[in-house]
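Have a look at the structure below, then the notes.
Chains here go by letter, A, B, C and D, matching the order in which they are written, and residues are numbered from 1 within each.
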Amino acid sequence: MAGTRFAYVRSYEQPDPLLPNTFLVVRVDGHGFHRFSDTHGFEKPNDMRALELMNHAAKDVMEAYPDIVLAFGESDEFSFMLHKSCTLFNRRHSKILTSITSHFTSAYVFHWSAHFPNTRLEYPPSFDGRVVVYPTEREVKDYFAWRQADTHINNLYNTTFWALVHRGGLSTAEAHSRLKGTVSKNKHEILFSQFGINYNVLPAIYRKGSVLLRGETTTTPGAARDGQEGSAEGGMLLIKRVKYTP
Amino acid sequence: MAGTRFAYVRSYEQPDPLLPNTFLVVRVDGHGFHRFSDTHGFEKPNDMRALELMNHAAKDVMEAYPDIVLAFGESDEFSFMLHKSCTLFNRRHSKILTSITSHFTSAYVFHWSAHFPNTRLEYPPSFDGRVVVYPTEREVKDYFAWRQADTHINNLYNTTFWALVHRGGLSTAEAHSRLKGTVSKNKHEILFSQFGINYNVLPAIYRKGSVLLRGETTTTPGAARDGQEGSAEGGMLLIKRVKYTP
Amino acid sequence: MAGTRFAYVRSYEQPDPLLPNTFLVVRVDGHGFHRFSDTHGFEKPNDMRALELMNHAAKDVMEAYPDIVLAFGESDEFSFMLHKSCTLFNRRHSKILTSITSHFTSAYVFHWSAHFPNTRLEYPPSFDGRVVVYPTEREVKDYFAWRQADTHINNLYNTTFWALVHRGGLSTAEAHSRLKGTVSKNKHEILFSQFGINYNVLPAIYRKGSVLLRGETTTTPGAARDGQEGSAEGGMLLIKRVKYTP
Amino acid sequence: MAGTRFAYVRSYEQPDPLLPNTFLVVRVDGHGFHRFSDTHGFEKPNDMRALELMNHAAKDVMEAYPDIVLAFGESDEFSFMLHKSCTLFNRRHSKILTSITSHFTSAYVFHWSAHFPNTRLEYPPSFDGRVVVYPTEREVKDYFAWRQADTHINNLYNTTFWALVHRGGLSTAEAHSRLKGTVSKNKHEILFSQFGINYNVLPAIYRKGSVLLRGETTTTPGAARDGQEGSAEGGMLLIKRVKYTP
């Protein structure tokens, strides 16, 4: 066979099984999304269309990979949790990591126009990914608590920051300076006293991120198959927000 | 800080540097492309539009990652070679692997309509990827020789197979059976005597795959050690220079 | 500095942290111990001196590495379990693995003459080692159950085999043949009916291997600190045999 | 079979092949040798007996593992180089690493009394080890140049330091202080002007370390097999010192 004498190069492809019986988290992250969001005019501090697109892509990934039982998204990142006993692709590291990252990316581009009907996609966005292995449930819970705490901290900061800029007339440098050294309480006060914003009634998707749980029971399983879900506030099927108290 | 007590979960993200001073090959592969090509009516044995789309996506990847000096594509796979001294992302395995795989995927979807103007993309395609590390030049050369030998073998088989089916009136089972045990010479004979096809004049992109070299711009094709190269339509041998305007 | 221009070679030493918060088992195994036991006239099927020497070496390892909470030995192998929260050597794989394997080897040679006072050590014995990572307690328990089941199976076979050879007058080939296809019950019967041996009253160290537990409480704490332990049958402190019912 | 239901724990033993066709260096290092050399009265700055014992252990390792073509030792460390095409233990990382580290340790203890006939070994010494993978010859050469430069730097410092202490009557603190900021030239001058020591005529084994090369041709092949070698200065067979100019 023509290729036989070259086939030895295959021996350089090394096995990369992930430890059995551990929780796997695949986190994808937007690559260069500062520029991407500027180019495409994302609203600040949050762009509902962009978040819904992320959720849409994540839902596609969950539908394609039944081993994913939970996903959490915020800003331009999404974390997917595969259950302990998952044997997807024989738990090969690269295969799991790239399949999920690629599927997410593909769905993001594919669904772009549904969420940004009036905004042309200027160039192909990309995401990097990583797998993190957690031996027990406690660590996985803390992982998601960590991501959600991050959501809260970032969003409170960004909400106050952009209120100072958009409505308070500060430059971005002035807004940074104004917020330096402030704690949560101070930011709540600025929002409320200066702008009349009650932070706690802002959309939960901004404050707490998005949680996608594999739906187990539903009275309308057909709806699940069709991928319908409710709005951020309404009676959604697949997408849920978790409760979080910082 | 609210997230502090959860931040220990970061310690589970393990370092994954690739061995310094080695050649890195990232190979991406279509996931479930048998179904994908059926759904989207790819011509058999080769669909020029699909190959050009693959090349387009690969070119985008090469433009985004200057460390890639060479790429080779065939069918639904593409291999990217990063030079030995590459320090992209500090040679972090997951970061390099996913960034390239994701970018390729994104570009594939992004450019779909340019290559398939009359075919709606029905669902998001995805690719898996892997990194292979080669210590010396000899192995990298043999790697690409291996992939190109694979291209040749598969294409000769597929070309003969589909000639037997499309023009010879055989069922796919009969065509498989007819080709069982045949060697290259036999397939050439079938193509020529039965269908008047001179395999060697079929488009080089089908027979030898696509090679993308970082362009140094040359007006003398002889500068390439292997001799001629040209456009996909012309008498290209192995090497096709991509047009690249940064 | 003279060495500076070569120091880049250090960058090829890659990080190798073991996953945090997992149970680590280091298993060492005699290298070429068939020949070694023949050369040094080990008694078959069991040599109490050799087993006590293994236990002595293991005890030294446990005294040197307080992170080891449990060890199990049989024949020419020993398994050491490090507790989940162990941060020995920052959990560096190679460092943990080689330190324990080397210490075990060293102690084995060091204590040789105490256990084989009349047998000269003819050449240096060696051991290989590996680390196995277990995420939960259940798997670690099953690991030790697996090793102990192995002890039982091997010892019942070997005891019967050597009874047939030493006392039954069979050749080793005949003994192998005689035991082919037999189950536990058959071997017990051969031992009892043919040789009057009640397998269950043979020394526990032969049938069940050796378990070393880090002593936590004792009426003679001074003794514990000094590393004293009783005989295999008597009131030992550190070395214990576990109960095992196959 | 009794052990069957536990055997799943074997699946946690992960494959660990080293990259094919690369140079492997295994470096072993004394563990806690500051204390060990104090306890056993090693002469400072160099103890010829201790170095010869290291060389002896290394020679044993090289005889046991023909894949090792070169070894370099200094102080309490030794580096072994396995040739590129080595397939020892199918290039399994842990197996290669621990077998060599364990063999070295064993030989060190085994040969102790031959080199320290009047010094009782007080406790078992141990070594840790690591494998470093180098893709090309240049890096391996630089690796050994790096270790030898290290030998030179350390030995020049230590020789001067102990001359100041033993013969100059300085305390160790004073000697450290005296050498602070000095370069090679200064140390040579101190040795020569203050103590009449010409550093360059000190035994090469101190200044340049020990190199063991697999002997390829010899007029007395029987001697080679018996493991004889010449003195440090004489016509040795296996053990050679390399020339080194910093």
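Going forward, contacts are C-beta pairs under 8 Å (C-beta built on N, C-alpha and C of every residue); 3 or more make two chains touch, one makes a residue touch a chain.
Not measured: the values here are computed from a predicted model.
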Completion exercise
So the chain most remote from chain D by C-alpha centre is A
Exercise for the section: Would you mind working out whether chain A and chain B touch using mostly the same residue numbers, over half shared, or mostly different ones? Expected result: same
Handout entry: Whole-Å separation of chain centres (CA-atom averages), chain A against chain C
Key = 49
Handout entry: Whole-Å gap separating chain A and chain B, where each centre is the average of the chain's CA atoms
Key = 30
Fill in the blank from the handout: Whole-angstrom distance, CA centroid of chain A to CA centroid of chain D, is 52
Problem - Contacts with 2+ other chains: residues of chain A - result: 12, 19, 133, 139
Completion exercise
chain C contacts chain D in the complex at 1-3, 6-10, 12-13, 28, 31, 60, 64, 94-95, 97-99, 101-103, 105-111, 121, 123-134, 139, 142-143, 145-146, 149-150, 152-153, 184, 246
Practice task
Name, in rising order, each residue of chain B that touches chain D in their complex.
Solution key: 19, 21-22, 133, 135-136, 139
Practice task
Would you mind writing out the residues of chain C in touch with chain B in their complex?
Solution key: 11-12, 14-15, 17, 19-20
